[in-house]
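Labels run A, B, C and D following the written order; every chain starts at residue 1.
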Amino acid sequence: MGDKTHAKEMTALLVIDPYNDFISEGGKLWDRIKGVAEGNHCVPNMLRVLQAARKASLRVFYALHRRYRPGDYETWTYIVPVQRAGWLSKAFENGTWGGDIRSEFAPQPGDIVVQEHWCSSGFANTDLDLQLKKHGIHKLIVIGLIAHTCVEATVRFAAELGYEVTMVKDATADYSDEMMHASLHINLPNYANSLVTADQVVDTIGDL
Amino acid sequence: MGDKTHAKEMTALLVIDPYNDFISEGGKLWDRIKGVAEGNHCVPNMLRVLQAARKASLRVFYALHRRYRPGDYETWTYIVPVQRAGWLSKAFENGTWGGDIRSEFAPQPGDIVVQEHWCSSGFANTDLDLQLKKHGIHKLIVIGLIAHTCVEATVRFAAELGYEVTMVKDATADYSDEMMHASLHINLPNYANSLVTADQVVDTIGDL
Amino acid sequence: MGDKTHAKEMTALLVIDPYNDFISEGGKLWDRIKGVAEGNHCVPNMLRVLQAARKASLRVFYALHRRYRPGDYETWTYIVPVQRAGWLSKAFENGTWGGDIRSEFAPQPGDIVVQEHWCSSGFANTDLDLQLKKHGIHKLIVIGLIAHTCVEATVRFAAELGYEVTMVKDATADYSDEMMHASLHINLPNYANSLVTADQVVDTIGDL
Amino acid sequence: MGDKTHAKEMTALLVIDPYNDFISEGGKLWDRIKGVAEGNHCVPNMLRVLQAARKASLRVFYALHRRYRPGDYETWTYIVPVQRAGWLSKAFENGTWGGDIRSEFAPQPGDIVVQEHWCSSGFANTDLDLQLKKHGIHKLIVIGLIAHTCVEATVRFAAELGYEVTMVKDATADYSDEMMHASLHINLPNYANSLVTADQVVDTIGDL
């Protein structure tokens, strides 16, 4: 095996929260991200990156927010605002369409779907770090929702835990342009090794 | 509120792997632990401690081993012996009777069932630490299976992460007396703040 | 003991990176934060909050960035931009004045100075979470530098790990108003339970 | 680069607690481990493995127990027995000969000395996992002290966190043969991928 094989084996695609509630017409949060998401073609770009990754046989991981279940949060002594908001909205409710992954993004055999997380980072209190190590992954290509919460949290944790990240800046969206800007231009450049377009990353993946 | 209320609020019962495969006649691993488990009345003792905890309104947490699902481990580059053994045995298979919690130990509303773990520690790569913190828990009473693997691993992690543990030494079992001895007499005294009998802990819980 | 005593015992002040390089005239990074820091009286506010915490006998914890030492980063295969920048700037160099804590903020006996961190979060790869648990802390009052990197990273991790945070918004600073805004108005409201002024928190601490 | 190069690059030697207090004549704990350590030639074997690793340019990591410092533990609300014992013994006291690494084992330039740990696992609340990832390490060869506490704890954590371990069974020691047996024959076979002699591992390293 040569370097190229190894580069491919140590790189994975990480898909964050491709729930209907976020990215499908009729989803609970779609109306709030629609403006940004349609503006940068977020969903089609996510799909193109996913398809390129599958074609190149990159391992695909899913980091998913806790799907709301009755009883969640009720017994907690301590809670933070983003959790209280989730409790109120019951977004990604377990067993409902909103809590299903949008069909084109459904996990395939061989994909790794990690434990659901309770706040914003796909790494916190889950088996994401373990699963990446079990597969020998050191580099992540990140797509998904939404930029300044779950995506940024996951990229920040990835950096803290030793991973290198390629962030696909037009395969994410947010509630406002200001939030996108804060994430993509102020914070992520400190933690992601590169920020690229879907076009660029599809080319790169093809060359792996 | 007085100190007593606080002592109670910060203490929880942690039940480890009360699966049929471990502690029910006909379970895949029951024949291997039966000798020790019947000798120390492990299952009735576990049940008495659980009932005492419920009566005293102690919060009950469940730490559970990964229930085997098709595809598990197959894509891993790295694996350790205890995982390879689980892969072979398919113990606690998801959707089967063996992977169900023995009926008397079924979680009740208000109990916290944390994410399943992949190796032996209930803390590693799960939300157990988070859930304990969210409920203000600092002290754990531990019962369950089996002593030198999942129980010891979870108690060791509890100690490393800052918790104080009361280990109920006749509410656990193992494949051999030698393994029980190694766990209860050699290792756990370093990491558990006390090792007590079910009789003793039932009294203590009643006084909380 | 009553509830008030418990509220006090479970709350700590967390001071982030009060290095000369950040907040003293002549420090390597002072010129970059001076505009914001002088505008909101960051350093005097940090000092007032610290003094109020000491007067009220709140436990004080220090989360500190890795002080640069020769050899750091040189052998790493993987590195992220914020680490590469630190490698270049040699900020907080160990054994130099810039890497000393500004004198008014020097730790006192009984304070807890945790292991230095390698990226931005005071929690990642350190004993901060352990030390907080060992002292029974569930709530943090956060002050220090700089808002959108180490402060935000530490507050995000605190939220992910189960802590409640009070962020003191005029006891932090940043390289630009835009960065302050992104941190204080876009991101931290999701993760900090309250954002208050130094005046407000000094009052609150006095009432604990 | 071929597979062999990669095997070498992803393997490291992990040296646990080679303090004078443990393995030097006159050390606080030497008299307690001397019987086992002299019986299996632990110290010469540790040294041979270290030298073989250096000759083969394997990266060397040191996992070290907290060196006792005045004030340690005094403010803790929660403490576990192994920590209380360390507090009493003041083993590995910072700034004393007992807390120095035995001279033949002194870290060399390019070695990675991770943050000291507070309990038994070299991974818990330290940067060991990060440093291993930063260097692309997936496999550990483990030597050091003592078998049933720090060594076993570190190997258990390594397994939980996704690493593969080769344990060198005659390059460790313990307070009694029974403790050695519990660790090497009952527990470590579940978590270490192989248990080998110093002779065997020196050969293996030479072939990397």
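Following the convention adopted for this analysis, a residue touches a chain if its C-beta (ideal position, glycine included) is under 8 Å from a C-beta of that chain, and two chains touch if they have at least 3 such contacts.
Quick caveat: nothing in here was measured; it's all calculated off a predicted structure.
Listed by label, the chains that touch chain A and also chain B are C, D.
Using CA-based centroids throughout, the chain positioned farthest away from chain C is B.
Just to note, of B-D and B-C, the chains joined by more C-beta pairs in contact are B-D. Distance from the chain B centre to the chain D centre is 28 Å, each centre being the mean of its Cα atoms. With centres set at the average Cα position, the gap from chain B to chain C is 37 Å. Among all residues of chain C, those that touch two or more other chains are 77-79, 124-125, 129-130, 133-134, 136, 138, 160-163. Chain C contributes residues 77-82, 85, 119-121, 124-125, 138, 148-149, 152-153, 156-157, 159-165, 178-179, 182, 186-187, 189-193 to its touches with chain A in the complex.
Every residue of chain D that touches chain C in the complex is listed here, in rising order: 59, 71, 75-79, 109-110, 112, 115-116, 118, 124-127, 129-130, 133-136.
On the side of chain B, the complex with chain C involves touching residues 1-3, 6, 129-130, 133-134, 136, 138, 160-163.
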